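Each of the two complexes below includes chain A, the first together with chain B, the second together with chain C.
This part shows the complex of A and B:
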């Protein structure tokens, strides 16, 4: 892969809803901040790519209109469910690596604050023929896996609560986060049980907001402080969760698509010891169990060592810092969430993450997970380009 | 209108759809309605038995036109106990899980009945032992996935 660099990041900040802004205003605000950070005007941008996921969540059936910015430029809208945000970034990388663009503006928008029936919309993302008559939602889908992880590897409800609480507490240092409450593991366990073993405070919030970035070819970095894209890979898996139950070597709780994407991205970045070489991990973990499944897929520990790895994070300061922004627990603007993971990693390696800055971030990894994890993306960012 | 007042415009999507189930699911549903049996499909080369029936095996992209009856008993693989009400979905508490029917290589999702839900943690503990279940049909199958569910053996 050729090099590309992120030189501008803009975020609106995330809330349950932004009743003071139209969708166009939200996306414009993030885009302006990103262009300002990059020190370029809209004239310096060759292509604009917008990521917006299920139209039903915004109730706007032509969000390609909403996402369109500028004039006289190529424009594409991307939609791959939960990985929409990272897919949009990866599409930008393809434009740059192929030489078809020198500078790309990517924008990710989530407008679900407009949806007053969002859980019903989420139910419609499942297969309408064999699945829609069951109470499948993002929450129950996570619960089906969490119970399997508990049975196979000894995770307890306490582990789920500790992961969620850690993310909430990290979000206290992120002024852009939607939920900024000091929620303890005990608070998580005491919150309403939604679908065993998932409690209310273990589920990510529903947030809206917009994220934007300016991504350029190496010769256009100029005097800006870049986050270099060292590796980026996107892999798919079978949608059917029931087909993965008995699959040798990659069951329902082994994130095959994430493992393969990590292998490719690490290969491009020259990473062989992820636990030592990555200082920050911004994971698309809408639930604690999703984070637990990501540890072995990203090479941080063996599956059976997962529970001990959760405990070690609180005592071993050499381990990577997980979700310093608070991750999806702090804010989950679905269409934008996977782009936010990359944006937060870019801020960390550029040293611009403010109060949530982790010291000496040479390299960081951002993940994206979409649908029934049939889509995964892994993006490695670093202070230096890979040669 | 005050200068700091933001306008909210009400909206509603209420569209109707007819989902085209396709060839394989249509036969799967006919088998439920007429023969009260669960069918899977596999490739003629003796590939894995996919349940519910599919037109092709997405590992190989080969057609799965060999039909096989599976069940009526099977094993629970993983589950959740839904304890909170979600708008538009059935009333809790209820158990939903993936079950591998005897003779199948994949699991399918449905409700699990016959579980004592008076103590949720105790129910979770007993379901974690992955009990055997059997297919239970409704009285008048309609040719829908809701024609059956699972009950603890």
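This part shows the complex of A and C:
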């Protein structure tokens, strides 16, 4: 793939709800900040792409239509569940790399604070005959995987708590984060048990907010400081989780789709040793156990070495920094969250991450996970374009 | 024109039915997808991309593509879903090919009107504070468009004739809904025969960078404001702009097009669309629809309608015409065809596509 560049990032900040703002105001606020960061006006944008995931979460249908920007510009909406934000970015890359657009504005919006119960909404993503009555939700779905990881590889509840606590500490330095609390591993383990082995503080919060970015062709970077998209890939797995439990070569916790997407994105970026070549990893892991599940798929460690890899993160400064923004534990606006991961990597690569800036970020990777962990995206950003 | 070279349509398949209790939605999608692959004649070789147009509100699930994407061939492939019209998804699929992301791609769209509350979904699209208390639906916006068209001096006498021809073409179209379906209650000045016939619709195309019998000439997209009051009724300005962009890319004028398949929720919307793209004078769109055999030979919305599949259906019908495979409604040997697709809310975004026989 050719390199496109992210030259503008705008975010509203993430909260349980934004009762003082309409959906269009959130969209416009994020878009305005992104355009200002990019140094372009709306007239300099060729195409606008909006990412909104389940309408049921917001209580408004096709809410993206209300905040449409740019007079008579091409506009499309992307909806791929939890990867909606990254899918929207990737759709923009297609526009840039095809030569059909020089500059694309992408916006991810989440209004789930309007939903009475997000888990009731999420329950309806599952098969109405075989799965919905369990009652299967995104929490119980994650719990099934967490317990499988514990049985197969020796993870303990302490590992999940350590990961969550690390993310909360990182979020303390992120003014955009929804939850900014210093929560220790002991606090995590003492929090309410949602579905064994998952405690409340291992789960992401329900967050509202909007994220926007300006993505341009190389010749339109101008004097802005870019984050170059070096690799981007998306893979879809099968729907039924039961089909994946005993699948030869890739079980339910092997994240085959993420592994394949990573292989493709790394190949585009020329990455062969991700553990050494990536300085930052922003992972869409709505539960801390889901982050551990991603390590082997992304090539950071072998599956059986996962527990040791978690422990090494606290002692080995050479390892990538995981979720410096606080990740989804800090804020999880579902429609936008995979875009937020890319936005954070862009800020880190551009050296604009403020108090949470990681030193010497030459390259960073952002992931997205959606559906029944069946939609996976991987995006590699770097200081330089790939050739 | 984009940088990626020519893009071709290799395979087409569609199914329009009503409440077929023997088949689930994934089975209907799987059927049209496998038939499109068979139509392309090259199996699954080189297909790494699947681009979908589907809407949760229509499919009745919070994340519809979880279960439906694999049925469209997305297993272990790069899949994306647009909550937009099928013609918009077609444009996005073209981007992927032109960007060099894949050699071939599936683009598929569907909607199953027999399993969702069409009017209820439509009402929920509108602003909850100012519009929803009115009970307004997209068909009411179409009625306002029709009213505006009549006030502006639209050819009243042509409405019945256009309707008559549309019904004739529906009967001639072997793919059209022949039994079942449902119609909404019309609002003045619309009559029942002006409305779409709600149906269960799946449609799939296989696009490729390798030469095939139909080639893309131009694409244009555009949008209008959210509030109907901010738009110019009966003008379809988004389609006007989209068509201009497509014609510009194709380096053609509308007079050089041999066949038109335009998407419109009612027959008035179809006529207004023909005016917007420049084929008819203001107020003359339905006369064109009544008299010109090049316009909507498929029967348009009367042949079966369900968002968000209709733009891709229009393009599929145009493709079959260019290939001489349309059947009873084949219109000679057209060389160049125009198709359009409109999305929620009431045609707020529009896509225009020009294709030619190779």
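Here is the rule we go by: the second predicted complex is superposed on the first by the 385 of 387 C-alpha atoms of A that agree within 3 Å, B and C clash if a C-alpha of one lies under 4 Å from a C-alpha of the other, contacts with A are read in each partner's own complex, and residues count from 1 in each chain.
Here, a contact is a pair of C-beta atoms (placed from the backbone, for glycine too) under 8 Å apart; a residue touches a chain by one contact, two chains touch by 3 or more.
Remember, predicted model here, so these are calculated numbers, not experimental data.
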Contacts of A:267 with chain B and chain C, given as first, second, both or neither: neither
Partner chain in contact with A:238 - chain B first, chain C second, else both or neither: both
Partner chain in contact with A:143 - chain B first, chain C second, else both or neither: first
Partner chain(s) touched by A:154 [first = chain B, second = chain C, both, neither]: neither
Contacts of A:354 with chain B and chain C, given as first, second, both or neither: neither
Chain B or chain C, by number of chain A residues touched: C
Chain B versus chain C as contact partner of A:56, first or second or both or neither: both
Chain B versus chain C as contact partner of A:73, first or second or both or neither: second
Which of chain B and chain C A:90 touches, first, second, both or neither: second
Contacts of A:41 with chain B and chain C, given as first, second, both or neither: neither
Residues of chain A at both interfaces, chain B in one complex, chain C in the other: 56, 59, 238
Contact footprint of chain B on chain A as seen in their complex: 19-20, 56, 59, 114, 117, 119-120, 123, 128-131, 133-137, 139-140, 143-148, 150-151, 192-198, 200, 238, 240-243, 245-246, 252
Chain A contact footprint on chain B (complex, rising order): 6, 8, 11, 13, 17, 19, 21-22, 25, 50-52, 54, 58-59, 77-84, 86-90, 94, 96-98, 100, 105-111, 120-121, 124, 127-128, 130, 144-146
Residue ranges of chain A in contact with chain C within the complex: 1-2, 24, 47, 52-57, 59-62, 65-68, 70, 72-81, 87, 90-91, 93-100, 121-122, 124-125, 127, 233-239, 256-257, 260, 370-372, 374-375
Partner chain A, residues of chain C touching it in the complex: 2-4, 50, 55-57, 61-63, 65-67, 69-70, 74-84, 88, 91-92, 94-101, 121, 124-125, 127-128, 221-226, 237-238, 241, 344-345, 348-349
